[in-house]
Amino acid sequence: MAKRVLVLNGPNLNMLGMREPEIYGRDTLADIRSACAAFCEAQGWSLDFRQSNAEGELVSWIQEARGRVDAVVINAAAYTHTSVAIHDALHLLDCPIVEVHLSNIHRREPFRHHSYISSVATGVIVGFGAKGYLLALAALEAG
Amino acid sequence: MAKRVLVLNGPNLNMLGMREPEIYGRDTLADIRSACAAFCEAQGWSLDFRQSNAEGELVSWIQEARGRVDAVVINAAAYTHTSVAIHDALHLLDCPIVEVHLSNIHRREPFRHHSYISSVATGVIVGFGAKGYLLALAALEAG
Amino acid sequence: MAKRVLVLNGPNLNMLGMREPEIYGRDTLADIRSACAAFCEAQGWSLDFRQSNAEGELVSWIQEARGRVDAVVINAAAYTHTSVAIHDALHLLDCPIVEVHLSNIHRREPFRHHSYISSVATGVIVGFGAKGYLLALAALEAG
Amino acid sequence: MAKRVLVLNGPNLNMLGMREPEIYGRDTLADIRSACAAFCEAQGWSLDFRQSNAEGELVSWIQEARGRVDAVVINAAAYTHTSVAIHDALHLLDCPIVEVHLSNIHRREPFRHHSYISSVATGVIVGFGAKGYLLALAALEAG
Amino acid sequence: MAKRVLVLNGPNLNMLGMREPEIYGRDTLADIRSACAAFCEAQGWSLDFRQSNAEGELVSWIQEARGRVDAVVINAAAYTHTSVAIHDALHLLDCPIVEVHLSNIHRREPFRHHSYISSVATGVIVGFGAKGYLLALAALEAG
Amino acid sequence: MAKRVLVLNGPNLNMLGMREPEIYGRDTLADIRSACAAFCEAQGWSLDFRQSNAEGELVSWIQEARGRVDAVVINAAAYTHTSVAIHDALHLLDCPIVEVHLSNIHRREPFRHHSYISSVATGVIVGFGAKGYLLALAALEAG
Amino acid sequence: MAKRVLVLNGPNLNMLGMREPEIYGRDTLADIRSACAAFCEAQGWSLDFRQSNAEGELVSWIQEARGRVDAVVINAAAYTHTSVAIHDALHLLDCPIVEVHLSNIHRREPFRHHSYISSVATGVIVGFGAKGYLLALAALEAG
Amino acid sequence: MAKRVLVLNGPNLNMLGMREPEIYGRDTLADIRSACAAFCEAQGWSLDFRQSNAEGELVSWIQEARGRVDAVVINAAAYTHTSVAIHDALHLLDCPIVEVHLSNIHRREPFRHHSYISSVATGVIVGFGAKGYLLALAALEAG
Amino acid sequence: MAKRVLVLNGPNLNMLGMREPEIYGRDTLADIRSACAAFCEAQGWSLDFRQSNAEGELVSWIQEARGRVDAVVINAAAYTHTSVAIHDALHLLDCPIVEVHLSNIHRREPFRHHSYISSVATGVIVGFGAKGYLLALAALEAG
Amino acid sequence: MAKRVLVLNGPNLNMLGMREPEIYGRDTLADIRSACAAFCEAQGWSLDFRQSNAEGELVSWIQEARGRVDAVVINAAAYTHTSVAIHDALHLLDCPIVEVHLSNIHRREPFRHHSYISSVATGVIVGFGAKGYLLALAALEAG
Amino acid sequence: MAKRVLVLNGPNLNMLGMREPEIYGRDTLADIRSACAAFCEAQGWSLDFRQSNAEGELVSWIQEARGRVDAVVINAAAYTHTSVAIHDALHLLDCPIVEVHLSNIHRREPFRHHSYISSVATGVIVGFGAKGYLLALAALEAG
Amino acid sequence: MAKRVLVLNGPNLNMLGMREPEIYGRDTLADIRSACAAFCEAQGWSLDFRQSNAEGELVSWIQEARGRVDAVVINAAAYTHTSVAIHDALHLLDCPIVEVHLSNIHRREPFRHHSYISSVATGVIVGFGAKGYLLALAALEAG
């Protein structure tokens, strides 16, 4: 089935590849978008790939996705740990939601160990760098 | 006295009525606006009724209300539990502030039990669904 | 419909109006009873208004209300924060229960921030002084 | 030996069988009293079976038991979790004390997981419904 | 000046002298009453000395003291650690309040280390057995 | 009905009777087995009575019990407080599960106050020494 | 490159498919093994797929893997939350380690929210049922 | 050396001077901007002075500063205590960062005692009112 | 009997009467010394009255008291809350120890609510200002 | 106005420059004293610059400053985190107090994150190395 | 006297010397066994030196030691922090027990700071690498 | 090699042997000094053995040891649990540091379970009484 997939990226992910490659890898967000696009094209899926530094904008994009997309992949970055608003917005969706993190957040500061996204996500993929996005898309495949 | 009332609604309240009616009821935000407008008209009050998904926009609206409104009714939704910025903005006002929640937040997840709004509000009304807005307006009546 | 309403008041509320008007207001409990009686009479409802300093007596009154009243308004005062027994008694009722507090308990000592009543109440009204009782009764109106 | 047994029941246990049979079972307190009486009669023991909603009354009954009964079975219900006073009264007794709970309190709300009774009881029997009282009496048998 | 003194004793203090003399001493409550009476008589003060196992009764006695006594000495026993109701009742008084404990509660179980009475008392006297009551009375002397 | 009962004993219970009789009593595990056997024989039940020091072995025995026994009595000893694996294994069973402890664990070190077994057990019997096993078996009787 | 992959399964995973399919899905461990074998065969990798209920055995298997396998996929089940020993054993390996959980552990009991495995794993995949194992293997692919 | 300095101000700082001068002083944000401008001009530095109520906008401004400014002075106000996103954005910069607070946050509510900014700042200046900004600029001077 | 009494005063008590009379009263330490001297003289007791700002000096004075004094009255002031060393020194004494505080420490900052002295003191007297020292001496009287 | 300034340094600051220059910088305490002296001379102020390893000595120096100095700059080093006695001594002063730390204590061990000095200081300057002392002096300038 | 000494080693200690020599040193477990054997031979003592990855096996070995050995040296490794079962087994012994750790566990992760062994050990030796075993044996020498 | 060893003893250790021999043993500090001296003499080492009740003096002695001693053995007694200043002083040394405690602090009050010394010590020896000092010296031997 032709899926419509929304991939959402939170604050500072537009800066990817500029610093701390030992934590986040050397890929830029454009690289990740390309890889996701290639994957989706191969599947015959459509892709909507976005990034925002604003919590409210992310909330609005999730609301707009309601009834219009078949799956959401979300790396909420810093808002993962602080945003009840994104939690509530995701809770309004009926489609599968995959949470992704580039770095292994369980190896980092304690304030990154709790996620407000996980409890409303279908599943979580953590620590595989840019490849994590492709694993998230693979998780959405039938079967 | 003809009051100028500002009713503020936080993130995801624009989605009201679309999901989980057992928690939030079946009323939409437009229904609530209509009910509030009817109440205010009957009282001879003016009503400014707004909703935003953005914390910063809510902060700005509260700042602008300073000296221009006679009372604020606020359902900050998810920001209730995370926003020191809205707490600080409300603290700058001199008029009565009524905090409203549609659902009984004390029956829900622990992270919804604490409110940054309550300590700067005059009073709090929780758990009466859409009717809670009218009770909030009634609380502003003289006597 | 003619409702039978029970209004219950917990310890020290019989002393209302005697001290700390800046926290509790100047109304006495007799004043509040009169205002409630007037409201109920206007609605064609019957009112049973009581106060007790004894946790066990409050528990017994709640038990006796089972099947005999259509709604309970309760300001459990100090027992709000310590009484699992009142929590359990209220849990046995099928009718709406409105929790009321005269002062804004969220602005006071930390031990007043938790309520054993809220999780078995329909809704909660906090911080409006004597007027809070009338808002509670209004919350019971149809529609 | 002919034992004198006191069975004490705390707040709301007089309402047993009226609600939430999936938690507390369908037996009424009268049913439990009958079963205990039958057990005691078979053993040649005397039974004093009481219930109170008042913490102070329970404390007084325990005090009066001092030197007059050979064993106490107590289901302090809600006071289990809040009453230091009952803890202290039981501590004054020299005879065996068996704590009973109808429901498995460890499967319920966190505030029901701690008991002020357990640390002054000989033993604790939890989760067997009305049968728990008979197990408590059986625990008092010689050998 | 001829003071009117109210000495209040909480739950289980009527059992004093019956058990655990190494914690509470060998004096009975009647012994303490006699010693207090002798002290007051020597000062030309009147004494009202009471004990109750019921939290609500203690609350009512404190309320009745308002405007009728010049000082309160209170050993709330177990209710020291659990009663917000007694805290609130004492808070309504204008006269000096002395909190007394027979044993050194800081050497006992952790749940005895916090007192709801201390924050509304003038001062606290702990660990001197029956003599603590006389020190409390002495603390009320002029100068 | 002829029940098949499995009685499981955790680490160090094979050492029973060797030390600290004031905590655990003087009975050996063989004594307890005999008493249980006598009880079961009288009921016409079969008994499988085992002990292991290995968490994994206890898990495997519980798994094997699935569909083959009608009830489990378990004293998991030290693993009570640390084993999520035993919790999960018991959760797979459909039959009644009775948790037993020889000593009153609520009077001992804080790390013995929490049990991973209780939340998957039907009921819990604590503090009656060897007799607790017989009470557990009695709890399984019809009626 | 022909990888040698070790897939380790912890306690109770041998019971998969027998209960709670809404949490763990309907696949049995044999089904998962088959799917993994198919994936590995397609890649030209060798697969060693094991399950144990014993913490010590899992530790030994991990030790033996040192220098003999190119990657480890581990679903430690209950030991995820309690085993420092498995944490330490994994820490001795130099190859990639992928932690897998069938269910979304962040939606379950609080004691399942912390993992001793995550901080020594390369990445974590949670909530995708049996498919999570294949995603884990995919995560090991070059590129 | 001619420095390019970015001074960032968080939510509600545009309201400075309007309320609570005993906490924040009487200076307006325009006054502070003028004082900073004078200081920078005297040093031959350029100044970019901004304020926003929106977390996302502050994040974006910090990102844009990367490689374009030689130092950042930031008073994140309420976001100091809640924003992981600003923490992460600042972490991407290579230049000195000085955190400023007008009031002594350690004398205020507990939720103002923790700062997400401090751990990525070079240094922190707290409690000197408007003068704190000049001290922050002085801290950037060579030597 | 002629007692030898040591009265020890901790840091900053030499500044008594200089500031915050609403907390500590207007008496200077010299005033308190005079009052204590008068009391002791009347009893025929000897008095050694000292003050030090140094924790180590207080420890040494307590050590020297061993076998040379019949009672210690100690107001350790700030060291009350931080000094295990003074706790340990007092623990070496065999004579009665009375802890005194001028102010009611339970009404002050949370860090003043815990005392390392109380658990090694005979009794504690709190909140009576300078008079507390005399009550402490009175507590040492026979009978 | 000619200010009299007291600069106090706590334990181990006499060792400055000997180890861990990456944390504390390369300046010795003598260097800092010289820089402070130069600053004060330029202002026409007198400087009293001291260091002590003894908590009690620091307390005494603060007491002696009462009425004799116009401002205190204090780097209490390790005592920052443990000394209620220094907190109390500083609380007795009427003049401005500036707390200084060489390193950014918020980036170090958790036990260095809390300061007993901050709540009695006018302001706090953290993380600027030796320069922090000069910023503290600058903070004392008029205007 | 000829002692019989049992030296027990917990999980992963069989891997000693293979990784992280900066934490555990370069000695293998065989090296440690040799050193212990040499020490015991010199003393005329017998040595039983064992290692296991299985908690249950360690428990059984400790049980078997009862009455058969004169002292136990135990490095429980990871089980130090999680095993109540080993705690209970050691508690059954009457002989001296010395707890050893190769690394200084107080410098490592917080979950390694608590030991279930320490409270049943005679003494503890931490941080001296392989030499710690010899110090433990030396601690067992007479005098 | 001829080592210069400094042995430091904290508060109240000068009282050793006077009380609680069941906790600390019967040896006096002079006995321990003699034993240490004998050990050092046998090794050809010099010994500097000191005791102080003053935290600041201990800090100064540690500072003076820098570059003048080859090893430090320290029993900081009560300051173990409260002194960041001693922690910081020890951190400035480059030589081995052995922490010693006479009693097994893990069997005592919770406030003795944490040590500020351990994280800057090479190793820790606990619970062997006076012999612990000799084990500490033995730990310093080559090999």
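Which chain is which? They are A, B, C, D, E, F, G, H, I, J, K and L, in the order written, and residues in each are numbered from 1.
Keep in mind that, in the parts below, a contact is a pair of C-beta atoms (placed from the backbone, for glycine too) under 8 Å apart; a residue touches a chain by one contact, two chains touch by 3 or more.
Because the structure is predicted, anything quoted here is derived from the model rather than measured.
**Student:** Supply the minimal count of touching-chain steps required to go from chain F to chain G.
**Tutor:** Between chain F and chain G, the shortest chain-hopping route counts 1.
**Student:** If you check the contacts of chain C and chain K, which chains show up for both?
**Tutor:** none
**Student:** From chain F, how many touching-chain steps at minimum until you land on chain J?
**Tutor:** 3
**Student:** When the C-alpha atoms of chain B and chain C are each averaged to a single point, how far apart are the two points in Å?
**Tutor:** Each chain reduced to its C-alpha mean, chain B and chain C end up 24 Å apart.
**Student:** How many angstrom lie between the centres of chain G and chain L, each centre taken as the mean Cα position?
**Tutor:** 47
**Student:** What is the distance, in whole Å, between the centres of chain C and chain J, each centre taken as the mean of its C-alpha atoms?
**Tutor:** Taking the average C-alpha coordinate of chain C and of chain J, the gap between them is 55 Å.
**Student:** Indicate the residues of chain B shared as contacts by at least two other chains.
**Tutor:** 54-57, 82, in rising order.
**Student:** For this structure, enumerate the chain pairs that meet the touch criterion.
**Tutor:** Those chain pairs satisfying the definition are A-B, A-G, A-H, B-C, B-H, C-D, C-E, D-E, D-F, E-I, F-G, F-K, G-K, H-J, I-J, I-L, J-L, K-L.
**Student:** With touch defined as at the start, can you tell me which chain F residues reach chain K in the complex?
**Tutor:** It comes out as residues 10-12, 14-15, 18-19, 52-57, 77-79, 81-82, 111-112.
**Student:** Which residues, counting only chain E, touch chain C once they are in their complex?
**Tutor:** That would be residues 54-57, 59-60, 63, 66, 82-85, 87-89, 91-92, 116 of chain E.
**Student:** Can you list the residues on chain A that touch chain G in the complex?
**Tutor:** 104, 106-107, 115, 118-119, 121-128, 131-132, 135, 138-139, 143
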